[in-house]
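Just so it is clear, A, B, C, D, E and F label the chains in written order, and each chain counts residues from 1 on its own.
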């Protein structure tokens, strides 16, 4: 399964590609946590980035993960870089 | 009169503000020359940036200027930085 | 255990990519994964041992020194190092190497995962 | 004749701001205007005399040296210089100074126009 | 007048821009400063955004000058930021008002 | 697979990314390379865009590998780039096809 690492500058195309992958896991990282993840089933957001920006309440059903979790996701999935 | 120096990252807000200034002169600079200047009367684009990107034909009635011209415009107008 | 390569193309301070990369790398090392870094373009400035910034307890370079101390391999693009006036990396932390894209290719060839920042 | 201050916050190579700033500055000097530069954040890397890049005839630093030689005043933010490990600018071209934001304030105070890049 | 146009915290402009404001206000004979957060810079106005790196600068600025922090309504709307989300240090202005501020100020810095 | 997502020539990624492709193709036992220009990277596909800095890399890449240069249709449309504007070295693909290429390739670099 593919893990899409997505930051703000490449957000539109990154999310659009992820939406075409029924097994996509999307990780919002850095300024990517400002994105609206509506319409994507498996969304993660990096806790440190979320906390700094104060956007936890806006991320809907995104799972908030730390760097340990992200390392696990990277190891377990194919990585697609949009960050 | 105000001279708006506009590059791509700040383009939307820069052009929007310039459109509210009836005496605006807009200078598209660096990646700003990719912008569509439709709806703005006094538009300039920096020749070196235009040539590198091959977009001369897409810039409508924009005046193509070199760095000498741009210095003159800077000296003669108030500078508003969106670059 | 996996082998993870990080490509880092931005320098310290200006953007936060150095921080994300360093923290992810540290977390991966702690879990026992093999970690390699290729610092490309402005990424090479991260290797400097001479950073001084009183506002912060630790400067970016300290994080990269710790990565090396904890077993990460870090190679900086030599063309980028010299283009950016950093004199073959003579002020880099010991253990942070100067190399070339072939080193990066070797990292990627041996990696299970590649993360670009 | 006018006095123009440039604020440059990006370094050499990574973005093209150094090039735009240097060429605009050179054009202004040629017309007899007074030109000052404040290099802030990554902008301070532009002052280095040690850049070597065989692919280009001139490296970014050369353009800034020429600006100084032709009468521009260039000051780099000292906090930024040291944070970025550039040791008080000891490898900067002669004439490119290390100072602080007060120097920039003085430039702006004396300037007719301010351009940020 | 200072505009903050880049997203915090992806780059360091959000805080180094304020450092610049402090230095500029100390150095110039000018006691009124206008800071506008627009474009991706509008995200900084969120109540929960981390102000710790910039708190010292904000305090110094208010000690030495009359300061206004504005955030621009249209930028907020484009990014889904409601007025209720905005920290009380900011006053919400429209793009028309931003254009007016730009017209009234001599030097316009963007960070 | 290499994606070029940033606007040329505002940053140096457009050419340093190709330098990376050359090095990677020389170093790896891999003889097929896919370069996709999307997002603001699509601007590089314009016929008139200056290819002089990258011509050497493009030549070397084609000497050592089977190379495909793609530009993505949706990114073109968002930026007003018509098919007639696109240099002949590029093949136009859809976002669906980009997603397929990403699915088929093991390592995805973004520049």
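By our rule, contacts are C-beta pairs under 8 Å (C-beta built on N, C-alpha and C of every residue); 3 or more make two chains touch, one makes a residue touch a chain.
These numbers were taken from a predicted model, which means no experiment stands behind them.
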Common touching chains of subunit F and subunit C: A, D
Least step count from subunit B to subunit F, where 1 means the two chains touch: 1
Any chain in contact with subunit C as well as subunit D: E, F
Subunit D and subunit E: spacing of chain centres that average the CA atoms, whole Å: 26
Centroid spacing, where centroids are CA-atom means, of subunit C and subunit E in whole angstrom: 33
Gap in Å, rounded to a whole number, between the CA centres of subunit C and subunit B: 39
Where subunit E touches two or more other chains, by residue: 9-10, 12, 109-110
Shared-contact residues (touching 2 or more other chains) in subunit D: 13-14, 16, 41, 114, 116
In subunit B, residues with contacts to at least two other chains: 30, 49, 79, 81, 83
Interchain contacts (touch definition) - all pairs: A-C, A-E, A-F, B-D, B-E, B-F, C-D, C-E, C-F, D-E, D-F
List of subunit C residues in touch with subunit A within their complex: 2, 4, 16-17, 20, 23-24, 26-28, 30-31, 33, 112-117
Interface residues, subunit F side, partner subunit A - complex: 3, 5-6, 38-39, 72, 74-75, 95-96, 98-99, 102-103, 106-110
Touching residues on subunit E, where the partner in the complex is subunit A: 7-10, 40, 43, 46-50, 79-80
Sites on subunit C touched by subunit E in the complex: 13-16
Subunit C partner contacts - residues on subunit D that touch it in the complex: 10-14, 41-42, 45, 48-53, 59, 61, 79-80, 82-87, 91
